[in-house]
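Next, two complexes with chain A in common: one pairs it with chain B, the other with chain C.
Showing the complex of A and B:
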C-alpha cells in the first residue's frame, strides 16, 4: 500500500495523457506496419463517490480506456493516478499537456522523475506492487454470458476474488459470499449452481456481486446493461445505484445509451475517436451541449412521443479509421459546423484535385499542362505536371481554381488552403499546420475541445 | 480460552467441509447429466458399453496367472479349434494358437496389455500436449511461435518411420515401441488445446479473474484449462483405438522380439499368420475381431462425447 493511501483524496481515479496504440502487424516478417490509436491522449478524472459516464459510439476507445484505468492492459504512454489530491492531479495534467505539445509522441510511459506523482501513479508500479490495488478497482462487463466461468459454481466465482487477496479464511469468505448474493437480490441456495442455470439479468447480478466481493472503491461498469432485456436493464441500474448509495462507491459507467447516462451519472465525458471532446455535469450536457458531436449524439436519442418531431442531426460518412485519424480536430470530417481552420489537410482535398487540375477532364483547367502526379507532403499538396515547368500564369490559374472550388458546397478543404506557390517545377498548395483544438473550460466543470469556442492565446 | 478457540475452529472446519461436499455433489450431478445424455444416444451407449467391457476384461485379466495363458499343449503342435468349430476341442471356447497357447486367455491378456500401454501413450501425449498448448496459447507472442514451430517439427516426423528407426537403433521390443510413440504423440494435442485456449482466453471471465488479482498460473489452470478439456476427452477416446492399431500394425510387420511370447493383439494375429491361417482361420479371426470391436467401440464413444460435451448443444 502506498503511503498516500492513509487518507482519502478527492480524485479517486485520474488519467493524464493516456494513450494506447495497438500495433497492426503485417507482411511475412510480422513487422508493425501501423498503429491503431485506440486511446490517443486522454485526460479524465473521477471524483470519489460520483458516477462519471463515458459515452461515444462503438469503436471510439471507451472500453480500451476503461481497461487502461484498471491496468488490465499497459498504456503506450500516460499515467493513471489513484486516490490523488485534486490540485496535484490538475498540475500533473497541465504539465503533461505542456510537454505533450513540446515533443508530441516522444513520451516514455513513465513520467518525469521527482514530479511528486510517484505515490499515486499506479502505472509506475511493478506488477507485484500493483497487486494490492487490483481489488480496489473492479470491472463489470457488458456480456454476462462470457464474463462468468461456465465450469465454476457461483460460490466459487464469488469467493475467488476474496480468497486470492487473502482477505478472509475460506469459511468466512463463504459467509460473505452468501451475504453478497442477497445484496444483489439472489437467494443463498443459488450458490450451488452453475452460471448457465441463470437468466441474463441474474448473471449480471452475479457479475456485480463478484465485482463487489473484494470490497472495491471503484467500479468500472462497461455497458453493464446493453446485453440485457429492457425490462431487466432498469432493475440492474437501480441495483447499482442502490449499492453505490449504501457503500459510497465510485463508478465509471461506459455506455452508448444516453437515457442510462441521464438516470445514473453525475458527470459525462464524451469520447470520439480516442479523445475526450466534451465533459460536463449531466444536466448541463443534456441542456446545453457545446461540441457539435455531442449535439449530434443527443439528437439521436429517441423521444417517446410520436407527435413531437425534433431536428435530427445526421452525421455524414463513417467514423474515420483510428489507424490514421484526421488531423486537427478529429471530428472535422463529419462536423456540420466545420470551419476552414478545423484541421483540414491535403488528405481531405487530394481526391478532388485529380479532377480539378486535370486539363483533360476539367474545361476550366484547359490552360494547365497535363497533371501527372499529386503528392502529399505533410501539410503541403504538390501538383506535378509531367515534366513541364508551370509558369506564374499557370499558378494563377490554379489559385483561381482553388478559390472557385472553395466557394462551392463541400469546398471547405479548399478554403483552408493558405497559399498556392510555385516551387521546383511544380505547384504546391499549402495548408495550415495541423493543430488540435485546445481543451477549454467554458463554464465551471464544463469543458470542450472545439474551435467554435474561444481558444487560449498561444 | 484455548478450549473455546478449539471449539470455534471445529465448527468452522465442519461448515467448510459441508460447503466443499455440497459443491462436489453439485459437480457430480453435472457429470451424471452428461452420462444420461450420452446414454440417450444408442450408438454412443454401445460405444461406452464396449469400452467398459474391454476395461473390465483388462482388469480381470490382470488377475489371471500367466501359466493359464501359456498352457502349452504339447500333445499336438498344431492349433486346436474351439469346441463349436467342426471337430473342436471340448472345453476350449476360442481354440488354441501356435505354439499351443489358449487363444481366449491370450486375447484377454492381450487386451490388458494393449489398453494399458495405449493409455500410457495417449494420456502421456495428452498431458504434454495440453501443457505445451496451454502455455503457448496463453502467453502468445514469441513464446507461442517457438513452441508451435517445434510442435510442427515434431508433427512432421512420420511416427511409423520414427518407431522403426528407434527400434533399429535401440532394440526391437515393445518398450521401445511405446517410448517412440510417447515421444511423438503430443503435437496434435498441443494444437488442439492451443486453439481452444485462444478461444477461451477471449472470454471476459479471464479478464475478470485478472482484475481480481489472479496470477497467470491460476488463470491458466483454474479458468482456461477446465474449459478446454472437452475436445481433449474426445480426442483421447478416439486415439486409444488408433494407438492399438499402430501397435498391431507394427508388431504384425515384425516388431516382435525374436524370441519369447508377447500377449498383444497384433502379435497374436502375427502368430496366427505364422501357422497356415487358411487351415486354422480362428487363430487370426478372434484377435482380429477383438481389435476391430475395440476400435469401433472407442470411436463410437468419442463421437458420442463430442456431441454431448459440446456446450452449444447443452446450454
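Showing the complex of A and C:
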C-alpha cells in the first residue's frame, strides 16, 4: 500500500507549475513549427470535501487542465500531487516558483528529486504504479451523447470500471450497479437498456453513476450540465450536491456558466489563456471581483428579468491565439482598465504606425522622409525610411508624434514606449521588457494576478 | 406580418407518427421580437423549419395549417406534396409528389434568404466547410439581389475631382475612425472595391500624386462594361419576382383577376428572356467575363455586411474557411448571411447556445443594435429564459408540440400563468437569486413526454402539481386571458381555481 493511502490529507489534488504545450506540425517534414500553450504555468489545489469551480471561455485551457489533473495526458512540465498535506504542497509550490524565477526556461517534468514529494506526485509514477490512483479520481464529461458506448447495456457500462479495478466479483458488482442506479435516481429496469433509449438528463445520470462506480474520492465534472435543458440542469445539480453530501466527495467543476458556479462551488478559479488570473471563495468572487476579466465575465451573464438590466462590460474581439499569447498580462489586449505597464509590445502599436509616421499622409509628420518599412524585433519597433538616414531632429519629431498619440484615446500602447532612439539609419521605438503581473493575495484566500493591485517589491 | 395558424408537422417513423408541432398558433407583428421558448424536443425547431419549408420529406410532412406572411399563405400549393398511404402490412407510408414538391420549392426559393432568413444553432455545421465564408454570403446576394446589384453597376460613372478630394481626406485625416468612414463613403460614391482602395492608402512610401494616379487607373479598369447583360439580368430578376408573387397570391386565394392576367404575362416574358440568359451562361468564357462585375459588387456588399456585424477585419475574414473562425465569429458570419438581403423576418434558432457567456453577450448586443437599424421582425428560439428577458418583446412558451402560454415579456416574468411556465422560471439557476447553498434547486418533476404517445388531455398534467380530473381527459385550448395574453390551462377557464384571478398588468 502506498503511504498516501493510509491517511486523509487536507489537499486532495494539487498542481504546481503545470504546463501543457501541444506541438503544431507543419511543412513538408512535419516539423514542429509552433507550440499551443494550452496550459501555461498553473498552480491550483482542491481541498478534500470541497467543490472548486474552474471558469473561463472556451479555448482557455480549462478542459486540458482537468485532463492533466487526472493524468489522462502527460504534462509538459510541472507536477500533480494527490492527497498531500497542506504544508508540503505549499513548500512544493514555493520551490517551483523560485526555480521558475531563476531560470525561467522549461525544466524537467520530474522536478527536483529527493524533496519528499515522491509518495504524492502522481506525475512521477509509471503507468502501472499509477493504476490504483485511477480508481480514486473519475471524470464526468460534457456531452452524455458521445461519452457513453452506444453498444453497451447500461449494466455493462456501470460494471466495467468495477471489474477492471478488480474491486468485486461479477455478481457483487451487479448488486452494486443496481444500487448505483438507484443512487442517481434511475430505476432497476433501466439496467437492460442501451444509452440511446434515454433522454439527455438520464444519460448524464448514467455518466455520473459510472464515475461513482469505483468509489472515487475526486470527481472531475467537465461542463456536466451545459448540454442540458434548464429544468433538467437543476435536477442534475441537485443530484450532484446530494451525492457529495452523502459520500463526502471532492469536486472540480469545469464550466463557463457562472450561475451554476454560484450554486455549486465553495471556491472559484478564473482562467484566461492558460493561466489562472483570479481565485477566491465563491461569495467573495461574486460580490467583489477584482480582475477586470472576472468583472467582464460576471457582467455578461444574462439577467432572467426583463425589468432589470446589468451594466455590461463587452470584451472586444475574441480570445487571442494560445500559439502566440500576448506578452505581459495576457488580458491586456481586451482589458478596459489597461495601464502603460501591462505588457505592451510592438505588435500592439504596429497597425497605427502606417498613418502616424507616413509623411505623405500625416501632416504632422511632413518633415520626415518617406516611410518604407516597419519591422518588429522583440520589444523594439524599427522604422525604416527608404534610402535616407534620419537626423536627430527627425528623431525628435517621431518622439513628439509618439507622445501625441499616447495622449489620444486608445494610445496606451504608445504610452508604454520608453525611448525613441536613432540607430543604423533607422528610428527605433523601445518598449519595456514584458513582465507578467505577480500573483497577489489581496485578502485571505482571494488572490489575483493583475497590475491594478499592489505588486510585491522585487 | 407573420401568422402561423394551426400548424401541424408530423414525422413518420418505424414506431409510429410523431406530431412534433401539433396545432401551433402565433403571430409576429412588424418589427417585433417574439421569443419561442421550451425544452429540447418540444417542437420549437420544427416550427421554425416548417416556416422555412425545410422539413425533410420523407419522413416529415406538414399535415395541415396555414402560414400567412405579408398577405400570402406560404403553405398554399403544398397540400398534395406528401400523402400518407397504408403500405404492406398496414404500415403508414409517405408518398411524395415530386412535381408538386419541386414547384413549391422553386416558389419558396424566392422567399427564403430574401424575405425570411434563418440563423441556425450550430454555425460550424451550417456553413459549408470547403468554401470561404465570404463567398458563401456573396452567393446569396448574387442569387437573391441581382436587381439591386445591377442597378448599382449601371449607375456607375467616371471619377470626378470631388471624389478625389474625398479620397485625399480619407488618406490624411488625423482620426483613424474618421479615415475609415471617409474611405467607406468614397467607395460608396465611386463604387470602387474597398480592399483595393485600402491597399493604395496603406501602401507606405507613396506620394499623394502617385496615389491619385493609381485611383484613376483603378477606376478606369473597373468601368462598367456589357451594360446589355446587366440590364438583362436585372429584368429577369424583376419578372421572376413579379410572376412568383402573383402566383403565390393566386394559390393563397387572395388574387384578383388582374393578378392572374399579369402573372401570365410576366411568366411568358420571363421565359423568353431566360432562354437568352441561359444561352449566354452556358458558355464558360462569356459567363466568367459577364458575371465578374456582379460578383465583385456582391463582394463589396458582403464586406460592408461583415463590418455591420462588427467583424474587425472583413477582408481577412472574407477569404477564411469556417474552421479558421472562432464560434463567435462563425455566428457573426451566419448573422451577416441572414441579414444580407434585408429580410422582413429573421428566425434565430438557439444562436447563442453553443457560445461562451462573453461571446453571447456580444451577439445579443449585436442583435439588439441591428434590430433598431434594420426593422426586421425576429423569431428568437431558445431554451434560455434569461436570453428571452434580455431581448424579446413577447414570449410564446411551447410544451410537447403546443403553445401553452403567450404574453408580453414583462408580464410573463412578473406573473407566469401556466404551471409549466411557473416551473421553468423557478428552475432557472441565476446569479442574482440568492439560494441557500444547502437547499435543493426547485425543479419540474418528471421528464418531457414521448411524442409517440403523448399523455391524454393536457400534455403537462403528469408533471403538473395543480392537475385535477378534467386535465386528464380534456385538452385545454389556448384562450385569451386579459388583454394581451393567452394561456392553455383549465385553471383559468370557467370553474378553474384561478378563473377569477386577474394577473398584474393584464
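Simple rule for what comes next: the second predicted complex is superposed on the first by the 456 of 458 C-alpha atoms of A that agree within 3 Å, B and C clash if a C-alpha of one lies under 4 Å from a C-alpha of the other, contacts with A are read in each partner's own complex, and residues count from 1 in each chain.
By our rule, a residue touches a chain if its C-beta (ideal position, glycine included) is under 8 Å from a C-beta of that chain, and two chains touch if they have at least 3 such contacts.
Treat the numbers as computed from the prediction; the structure is a model and nothing was measured.
J.: Sharing chain A, do chain B and chain C clash or fit in the superposition?
T.: Once chain A is superposed (C-alpha atoms), there is room for both chain B and chain C without a clash.
J.: If you stack the two complexes on chain A, which partner ends up touching A:77: first (chain B), second (chain C), both, or neither?
T.: The answer is neither, since A:77 touches no partner chain.
J.: With both complexes superposed on chain A, which partner does A:138 reach: first (chain B), second (chain C), both or neither?
T.: After superposing on A, A:138 lies in contact with chain B but is clear of chain C.
J.: Output check: A:123 vs chain B and chain C. Expected answer is one of first, second, both, neither. What do you get?
T.: neither
J.: Which one hits more chain A residues, chain B or chain C?
T.: Here the partner covering more residues of chain A is C.
J.: In the overlay, answer first, second, both or neither for which of chain B and chain C A:358 touches.
T.: Only chain C; A:358 stays clear of chain B.
J.: For A:317 in the superposed arrangement: first (chain B), second (chain C), both or neither?
T.: The answer is second: A:317 touches chain C but not chain B.
J.: Does chain B (first) or chain C (second) touch A:63, or do both, or does neither?
T.: Neither partner.
J.: What is the C-alpha-centre angle with chain A at the apex and chain B, chain C at the ends, nearest 10 degrees?
T.: In the superposed model, the angle at chain A is 70 degrees.
J.: Closest Cα approach between chain B and chain C after superposing, in Å?
T.: 8
J.: Which chain A residues come up in both lists, the one for chain B and the one for chain C?
T.: none
J.: Please give the residue numbers of chain B that touch chain A in the complex, ascending.
T.: Listed in rising order, the residues of chain B that touch chain A are 12-13, 15-16, 19, 22-23, 26-27, 30, 203-205, 207-214, 218, 222-223, 226-227, 311, 315.
J.: Okay, in this complex, where on chain C does chain A touch?
T.: For chain C paired with chain A, touching residues are 39-41, 171-172, 174, 176, 179, 201-202, 204-208, 211, 312, 326-329, 356-362, 364-365, 383-387, 389-390, 409-410, 413-414, 423-425, 427-432, 435, 437, 440-444, 447-448.
J.: Show me the residue ranges of chain A that touch chain C in the complex, using the header's touch definition.
T.: Where chain A meets chain C, its residues are 57-59, 199-202, 229-235, 237-238, 241-242, 256-260, 262-263, 286, 296-307, 309, 312, 314-315, 317-319, 352, 354-355, 358, 360-364, 370-374, 386.
J.: Which of the residues in chain A end up touching chain B in this complex?
T.: Residues of chain A touching chain B: 67, 70, 72, 131, 134-135, 137-139, 141-143, 146-153, 155-156, 160-161, 164-165, 169-171, 174, 192-194, 196, 207, 210-211, 213-214.
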